[in-house]
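As written, the chain order gives the labels A, B, C, D, E, F and G, with residue 1 at the start of each chain.
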């Protein structure tokens, strides 16, 4: 049996909604359509959240991995 | 079928208008004419935005990828 | 006898509860299900803590290693 | 036809006046005489700007690429 | 005679008590059980200190090297 | 004809007085006696400046390149 | 004749007293017993200074190179 690795989670949630906490206290929610080895991530229908409230609709975004604290299936 | 990767989005939006959120709370809008593997990006007719308002016309700029939080088709 | 290395601790606590202190003064608790060489970590049933109090239930998260100050068996 | 890359802009503006926005809220203007792969840049007759106003004449400077947000033909 | 190198100190203090000053103004004391080339360090019976006073008992921790200012035999 | 590169400026000013602006708002002046590929620099008779005023005589110093914003012939 | 390089200064001051300015406004003085290519440095009889005043006796310390602004023979 092969050992699980953190990026397996990214494979599993591709095509699904995710919640992403960023370093600058911003959170973003959207459907993950792709990722790469730097954790750069494309989200569709992305929304910026302030606390739990919608702050801005962002549409499709390419998010640089270096800004991410954590990613979670939404 | 080949898997999509985040940089495919940059290929798709080359020649089109993009919105870029930077780390220092600045946002920039412009037409993307080129990018490289570090996400360095050249924008034509770039404009610096403060909230939704135009703050400064920047013309052509070469933006260092390390300053970027996300890029979005405008 | 082979020398112990810090990542041996991560192997030992895989499947167990861990406490993680992050750089932005946030702490997270959860069951570690996987990690990689960058100390990226997947936690199940993750909880964000403020001081010792529960602040938010996060569920499954993939945490980027670069945000971590220390990890401890909980 | 070969694809344009961001550093092509640096080649084009070599010998010309450029405007450079730095991370620490400082802007610099000068004639670019050389650059390298790290975006280290030599400017002649460089001037430090505060808003649009001249703050200091710097003469020839070697600017480390890591401090740059964007470069623009002036 | 071979020249001493800084990591020789880490070898010497393995199994002994060390004091570690971190970047975020936190200090930690504990018995070092292992380290690696990134200066990631496992401490047993770790204690967080505020000034000279005990702030929290942390038990066993894996500390990421990038947060360290200095390490000292305690 | 070979293209000029930014480090050519460092070669030219070796043995001469330079002015260096650092990231933490400190400026240093001194005679550059050597440099390497990381822009680490040795200065002789170095002086720390606050605005234009002498703040401290530092003597010979080895300055880490990563702290530098720009270097200029003084 | 071989060109001098910045690390030659570290070789020269090994075994001697040095003054080290760190990024977090702390200064440290001590006798340098070893260094490596990352500028990690071991100091004996290290003292933390606040302005010119002794703040704490640190004894032997291994200082991570990344925290250093400059090193100077004391």
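In the analysis below, contacts are C-beta pairs under 8 Å (C-beta built on N, C-alpha and C of every residue); 3 or more make two chains touch, one makes a residue touch a chain.
This is a predicted model, so every value here is computed, not measured.
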item: Intersection of the contact lists for subunit B and subunit E; value: none
item: Chain-contact steps, minimal, separating subunit E from subunit A; value: 2
item: Subunit E and subunit G, separation of their C-alpha mean positions in angstrom; value: 19
item: Distance from subunit D to subunit A - Cα centre to Cα centre, in angstrom; value: 34
item: Two or more partner chains touched - positions in subunit A; value: 66
item: Order in which chains appear around the ring, subunit B first, subunit D after it; value: B, D, F, G, E, C, A
item: For the subunit E and subunit C complex, residues of the former touching the latter; value: 22, 24, 26, 28, 33-36, 40-42, 46, 58-64, 66-67
item: Residue ranges of subunit E in contact with subunit G within the complex; value: 3-10, 23, 39, 65-66, 68-73
